[in-house]
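Worksheet: the structure to be examined is printed underneath.
Chains here go by letter, A, B, C, D, E and F, matching the order in which they are written, and residues are numbered from 1 within each.
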Amino acid sequence: MTQKFRLTALDLGPEDRLEPEIEEYFAKCEAKLGFVPNVFRAYAFDNGKLKAFMLMSDDLMLGDSGLSKAEREMIAVAVSAVNHCHYCLTSHGAALRHRAHDPELGELVAQNYRAANLDRRQKAMLDFATKLTESPDKIEEADRATLRRAGFSDRDIWDIAAVASFYNMSNRMAAATDMKPNPEYHHMAREATRGPVKGSRPGGSIRASTPAAAPASPARRGRRGE
Amino acid sequence: MTQKFRLTALDLGPEDRLEPEIEEYFAKCEAKLGFVPNVFRAYAFDNGKLKAFMLMSDDLMLGDSGLSKAEREMIAVAVSAVNHCHYCLTSHGAALRHRAHDPELGELVAQNYRAANLDRRQKAMLDFATKLTESPDKIEEADRATLRRAGFSDRDIWDIAAVASFYNMSNRMAAATDMKPNPEYHHMAREATRGPVKGSRPGGSIRASTPAAAPASPARRGRRGE
Amino acid sequence: MTQKFRLTALDLGPEDRLEPEIEEYFAKCEAKLGFVPNVFRAYAFDNGKLKAFMLMSDDLMLGDSGLSKAEREMIAVAVSAVNHCHYCLTSHGAALRHRAHDPELGELVAQNYRAANLDRRQKAMLDFATKLTESPDKIEEADRATLRRAGFSDRDIWDIAAVASFYNMSNRMAAATDMKPNPEYHHMAREATRGPVKGSRPGGSIRASTPAAAPASPARRGRRGE
Amino acid sequence: MTQKFRLTALDLGPEDRLEPEIEEYFAKCEAKLGFVPNVFRAYAFDNGKLKAFMLMSDDLMLGDSGLSKAEREMIAVAVSAVNHCHYCLTSHGAALRHRAHDPELGELVAQNYRAANLDRRQKAMLDFATKLTESPDKIEEADRATLRRAGFSDRDIWDIAAVASFYNMSNRMAAATDMKPNPEYHHMAREATRGPVKGSRPGGSIRASTPAAAPASPARRGRRGE
Amino acid sequence: MTQKFRLTALDLGPEDRLEPEIEEYFAKCEAKLGFVPNVFRAYAFDNGKLKAFMLMSDDLMLGDSGLSKAEREMIAVAVSAVNHCHYCLTSHGAALRHRAHDPELGELVAQNYRAANLDRRQKAMLDFATKLTESPDKIEEADRATLRRAGFSDRDIWDIAAVASFYNMSNRMAAATDMKPNPEYHHMAREATRGPVKGSRPGGSIRASTPAAAPASPARRGRRGE
Amino acid sequence: MTQKFRLTALDLGPEDRLEPEIEEYFAKCEAKLGFVPNVFRAYAFDNGKLKAFMLMSDDLMLGDSGLSKAEREMIAVAVSAVNHCHYCLTSHGAALRHRAHDPELGELVAQNYRAANLDRRQKAMLDFATKLTESPDKIEEADRATLRRAGFSDRDIWDIAAVASFYNMSNRMAAATDMKPNPEYHHMAREATRGPVKGSRPGGSIRASTPAAAPASPARRGRRGE
């Protein structure tokens, strides 16, 4: 209970007894990241809600896509910057620093992607995500056409939209509940590891990293037959 | 393919072969509503994405909650009104007319809930959902305190936040893809059936309806052990 | 007095004794529509104010114009959607459903005209009306030029501006006074009558209807020598 | 024609042959002000439109009201400041300087009424007019209650709303057509004439002036039996 | 102290004993303008703050630049119009009327520069200043490119940015402290003196005036070796 | 020249030959920070502009004040967050992490200070700075009164306003010129050094640090007789 209070401003009662596959997933998080992301703990008062959230989150951020995982984190961070979301800027800021192997570029997207001199593809991607965040009612065919001209397929457009839309949901859950991120994120991936040559910054595109950042959720594994 | 084009502005390739439990769910939709909601068909190019969406949607709108199902539809519609979402105003406008047994009050929330003379509880609920939609970065403890004073528990606040946040996602998916609602919604529940006495309108609170509006999704049934 | 309270949130004292030509006009409304629109009753505490309002309203919506009557209703509804005006979305939503002989398309403009796949002319018309509503200070010659390229004459541009401006006034009167629409509007023109073939929707342009929707106001008749 | 072009950016064709009572009204303007306000000339391509506009304008600004004429000009100017309307800030700025007998206070409202240290009544009046201009959809009973507490009757509230709403229309007509004000306004009423003692500024309330600023329009005279 | 209260809403304690070069500067203001601008008196509670403000202000508005002094006043006024700043619209409105030798055009920029039919160069300059004021985070290379195409050098772009940015600071200082302008400004430069032929208005560009409007600040003289 | 291009998007020509006192100041920056902040190098094309900027910046951030240096950095960062300013979030983010001896709390203000559970004083301070940034025209006496009730003197209010206003200027200069921060900032003060006990976070107030973060500017030293 006391701990709950620290996760969010809401007292949601005792945690559900976690289902075995979620227990297993949490154990993998501990092993891999050193902690269970607080957003999962916040949802853990109800196994059903937690599983739905994990399933959607994992599909969007770790599933197959024409967008690299780093690009999906760029969208998450750019949307969270518009919404000034403390939780998501902290957690996905860390993820982007990690995925892009470029902590400074990661930071930059959290501040204002327009200062990043991105290539046309990624610029178009974040312009769309930002407009979709700020004024969804004004999206028109011309906006989709701009994405197509920048090299995105219709399936990619779906993914850009889906990631941007998902963080418009998550940002609001974090704001509504005053969700607190794990303090460990603060120190993660602050140093460049490998990737684009230092001198090429700022600007340049962000590539997908090879290794997965997190274990697949139980739900996800389920539907993939893993 | 041709049909896909009519669902959204995106050509997402052939539909996945639907998994048996989704086929079954779609069949129940046909039986109950006379059609499969287009949002499900739009997601049907990928079983995994569709299942995650259905699981979350069903949990929020049909699962246990201190909010009545009509109240959850009120939130969906009020959020969609801010975002001027054609798809959701059409489909959840119909759902709200049905749930509230009061087509005029349903319409009213789609236009501007402030004109509805709602009771204090529902007014506070929609004020919170609207602020969360328009300026999530400005939600503060005072906003949660207002909900508590209006009679909501912390668990209810989670649900208000979760429904409002979910439609901030869905509205954007519909806008980004130009998703078209099933034309059948237009005519649904235009006539008052039962519920509040006619003369009491406008104003008055909306109560939960007894009968479920839709079959539970396969994922949902799965986790409930049905 | 009691009845007054139901029209608006203001107690404006007893109605003026209506002038004979207004009495006659109201009688025609009753005969034709089955009721006197509440906006007229709300203004009826002062014959002078009522007459000025009726005169301007009738001139704009029923007078000669290069815009069809349905197009003028489209502008009224699109402006009212930006301003989330319950009264005007209800009354002019009904009028647009009637004028366009296409209830679904009518509904669509009330939600978000950008989802309607309108032809270039009507799209440009509503883009202008919306910009004029949202940021009148930013209208520039380029905006008028866009209308001209879409086929509008300068006289048409005046009419687009005048209708959009008028509903920016009316929406605010309704909001300021919490004006309630006649409940009859809710059910009007919900079924397609004639007009564009069903299958052609969504999209397609809206044509002017032949029959007038309302009797001309006394003032209007006066200056036309009727 | 050439002259028309100077009034607005639109070429509206030859002026209607003005009806006798309008000719007479224009003659009185010339006699009293030295010119016919350009807004009237802009509408003069159609007698009907001109008469409707004059009738409404005169009723609101010169008719009986619990608001002084200076107060009504304050509302006109405060609304026009929000909308950055060149035409109305010029013409009604001059009118307010004249009505308030205090050119500096007049200027101040055109810039930002919040800097004027108005008394509670006038501050509440302009707060309401500004909110109605900026976000009409958010007006609630609490806003009307604030006006009542500041001493306004329900009839006064109607008038505040009606004047603010009317200038939301007029500002947009001027913006849409690029209407140019008569240059004479620039120099009018730049010097204090009589009224509040100089030293009392800034702050202090604005009183109604005794003399009428303009002749009543023909339509208005008509309905008053003059 | 009493006098302090009239300058701003803050009681900042007794004035610093002014340093001799500031005393001298103030004396020149008195001689030239007939008064010391209140913004300088407001800052005079601290010699250091005053000197920094004067130094920056004088450099921007009176120093060498590819922008004429009138153009810099246009930027000051256009920015202050967006921010509805009473102090700066009054003082720089007067300065612009003076610099441009065209009181009506001066007034116009204070209302809405878009109504001024400026030449392409000055239009682009104010468009940039306005966007920088309203949404600095959205400035992109394309905005600078537009200025270059309109004939501005990179050094000019710095100056446009610097003046616009400075008034975004000054407007906020005036708003935060409720700073009152000297009443003398109201009457300054209301009559055209010399410059563009009367008939050429509206439109046309504003040229730099030859005579300096104010003595250089002590700090400025210092660094120029005067 | 090439190097210039990297500081900003503008080619401002060769640097001025720096005046001796500026050379000395730059040398101290190198000694103390390891680099000269890029904003100073960006202004260094003109000694006069650079000196004015340094003088004002140093006075505000390092001069005597009732606000601690950490509090002034909080304002700088909170304002820069609203404006999404890459340069200032990077440089003042680092300064705040340093001043507050709490890197996580520093980060938090850069994301959204409302998530920081600040004490009433600092919350009121940032609420004012944010409102002044977003809508300076709406600041009223009530806003100053709130600061006074939170314990601020009128002189403190001046300082809050001055720092917030200054960063509204600096943010816009950085945006207009695409100013790039020194990469060293990224790694500065990422580890907590001393200060509030770790466990007390989040929340708690930020205290002033004792050691000065930067050498005083030449201008500043000049006026202080150092």
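We take it that a contact is a pair of C-beta atoms (placed from the backbone, for glycine too) under 8 Å apart; a residue touches a chain by one contact, two chains touch by 3 or more.
As the structure is a prediction and not an experimental result, all values here were calculated from the model.
K.L.:
Touching chain C and chain F alike: which chains?
P.N.:
A, B, D, E
K.L.:
Hey, how far apart are chain B and chain E in touch steps, shortest way?
P.N.:
Tracing touching chains, the least step count from chain B to chain E comes to 2.
K.L.:
For the sequence-identical pair chain B and chain F, what is the superposition rotation angle on Cα atoms, to the nearest 5 degrees?
P.N.:
For the C-alpha superposition of chain B onto chain F, the angle is 120 degrees.
K.L.:
Report the inter-centroid distance (CA atoms only) between chain B and chain D in whole Å.
P.N.:
45
K.L.:
How big is the gap, in whole Å, between where the Cα atoms of chain D centre and where those of chain E centre?
P.N.:
30
K.L.:
Residues touching two or more other chains, restricted to chain E: which are they?
P.N.:
Counting only residues that touch two or more other chains, chain E contributes 84-85, 112, 137, 139, 178.
K.L.:
Make each chain a node and each touching pair an edge, then name the shape: line, ring, star, complete, other.
P.N.:
Shape of the chain contacts: other, as it matches none of the listed patterns.
K.L.:
How do the chains pair up in terms of touching? List each pair.
P.N.:
Every pair of chains in contact is listed here: A-B, A-C, A-E, A-F, B-C, B-D, B-F, C-D, C-E, D-E, D-F, E-F.
K.L.:
Touching chain A in the complex: which residues of chain B?
P.N.:
9-13, 47-49, 51-53, 55-56, 59, 63, 83-85, 128, 132-133, 136-137, 139, 141, 144, 154-155, 157-158, 160-162, 164-166, 168-173, 175-178, 219-220, 223-224
K.L.:
In their shared complex, at which residues does chain A touch chain F?
P.N.:
Interface residues on chain A, with respect to chain F: 81, 84-87, 89-90, 103-104, 107-108, 110-112, 115, 178, 180, 183, 186-187, 190, 201-202.
K.L.:
Which part of chain B faces chain D closely enough to touch in the complex?
P.N.:
The contact residues of chain B facing chain D are 112, 114.
K.L.:
With touch defined as at the start, can you tell me which chain B residues reach chain F in the complex?
P.N.:
That would be residues 137-140 of chain B.
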